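What follows is a single structure, written as structure tokens, with notes after it.
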Amino acid sequence: MEIKIEDQKNIRILSAMGEVDMHTSPELRKHLLKAVKDKIPIVIVDLKEVSYIDSSGIATLVEALKGMMKYKGSLKLCSLSERVKEIFSFAKLDKVFEIYKDLQDATIG
Amino acid sequence: MKQKKNLQNALNHRASIEVPSHPMYLSMIRIFLEKLLKLIDIQTLIIEDIKSAVDEACSNVIKYAYKYSYDKTIKVYFSYSPKEIVVIIEDYGEKPQDLSFQGRDLLDLKPGGLGMHFIKKAFDEIVFKSSKKTNKLKMVRYL
Amino acid sequence: MKQKKNLQNALNHRASIEVPSHPMYLSMIRIFLEKLLKLIDIQTLIIEDIKSAVDEACSNVIKYAYKYSYDKTIKVYFSYSPKEIVVIIEDYGEKPQDLSFQGRDLLDLKPGGLGMHFIKKAFDEIVFKSSKKTNKLKMVRYL
Amino acid sequence: MEIKIEDQKNIRILSAMGEVDMHTSPELRKHLLKAVKDKIPIVIVDLKEVSYIDSSGIATLVEALKGMMKYKGSLKLCSLSERVKEIFSFAKLDKVFEIYKDLQDATIG
């Protein structure tokens, strides 16, 4: 997995590429906790190039969400593949996260 | 069609893979299962569920049986019949104290506790057995 | 870089796969090797040569040791150290009469006899051992 | 592996897709031996979508070449990937087969 970071005014976009599993999720976690520490108002995680996510990847996102809630930041996910979408709905997290169709929607939404 | 015919020629559909207990090898277990399940013409949705479930079970082996020691071994056995898919995960680590393996309530928002839910989603029977030397998690998916 | 660091954490790089002796499973052995060799950062050219060589050796097991019976088993062991890659192919089939395994002269145009050339291209040491129950082809590639 | 067949006047084009190994080469062989039986004057095997070929695939092509030589037919290969090209040269077959850059070259060449 690789992560590309892009900063725009109040927004940080983290674009993940590859498979998020127990091996790679610490990398995602590092970037998310950094954003929480920096109190970035809006963090968008672009999952367009993510073909697989496991429970450690989801746990990482939940942890970041809870961290951001503390300073009223907003964590947005976008461009979920069908499989990743299914996993979020199975984990009953599709209502908990703000999920957008694509990066554009997430940026303006 | 061709695949199906060949399938009948191959009388035993048993395969296994053994890898070190380092998380970097989890992707190998997933690709092993994906390739295998595709060869025997299993539906994509079932393939994805099984991949997720076995991946979670192997992550749990690394976390709980091996307490993050990465130089041990995980073995995954696979067998197929038109009736069912059986996956057995074997480790040589610690015996668990509590065999209930409860995942968390999904409505209780906290990180963790999701793995067992993935396992139960993919498999119809889940049996855990510990002997002196090994732990075995046997998971059966009816077809 | 990240991969390399993780590599050092995983002390033992041993892995194995066991599949039925049906040619449809050869693609699984190739993908197993490809994934494994990529994880430990081996160059693409070497990966391709090793994939071809092991594929040929496994095809030979199906043809010569098992005489095309598809319900037997082929096991491929892999291990890696910075010095060398070792692949062992094990079968439970017939012992060969002649251990020389000569490929044909490449300039003599006829179908067949190429497999051994692929094996010798990829590996520096090739040792064949038969015991009562198994045949083992051990192949070592220096790095 | 899959094979697409296309007939043009004196030419039969066999486009193979996937991996050619002990499992799949019998399928390629079937089509090649049919072309030999039909005494097709020119057979082009398009290997553009072939990512892997083993000795059984090569043996199949050699067998077809020898069959076609008998009636002075011509067997052409085209669009070899770098790896497949390397295998042909290693097997000393790059001089034995007529090898073309792409399908167009093979058709006019």
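A, B, C and D are the chain letters, set down in written order, and residue numbers restart from 1 in every chain.
To be clear about the criterion, a residue touches a chain if its C-beta (ideal position, glycine included) is under 8 Å from a C-beta of that chain, and two chains touch if they have at least 3 such contacts.
The model shown is predicted, which means the values in this text are computed figures rather than measured ones.
Would you pick out the chains that touch chain C and also touch chain D?
Both chain C and chain D are touched by no common chain, going by the contact rule given at the top.
Taking each chain's centre as its mean C-alpha position, how far apart are chain A and chain B in Å?
So the centre of chain A lies 27 Å away from the centre of chain B.
How many Å are there between the centre of chain B and the centre of chain D, using C-alpha atoms for each centre?
Inter-chain centre distance comes to 41 Å.
Rounded to the nearest whole Å, what is the centre-to-centre distance of chain B and chain C, using the mean of the C-alpha atoms as each centre?
From the centre of chain B to the centre of chain C is 26 Å.
Would you mind listing the residues of chain B that make contact with two or more other chains?
Touching at least two other chains: 6, 22, 24, 27.
So which stretches of chain D touch two or more other chains?
Residues 23.
Going by the touch rule stated at the top, which chains touch which?
A-B, B-C, C-D
Across the complex, what residues on chain C touch chain B?
Residues in contact with chain B: 3, 6, 9-20, 22, 24-25, 27-28, 31-32, 35-36, 39, 70-71, 73.
Provide the residue numbers of chain C that touch chain D in the complex, in ascending order.
Of all residues in chain C, those touching chain D are 22-24, 26-27, 30, 48, 51-52, 55-56, 59, 62, 106-107, 109-112, 114-115, 117-118, 121.
Of all residues in chain D, which touch chain C in the complex?
Against chain C, the touching part of chain D is residues 19, 21-23, 52, 54-56, 58-60, 62-63, 66, 83, 86-87, 90-92, 96.
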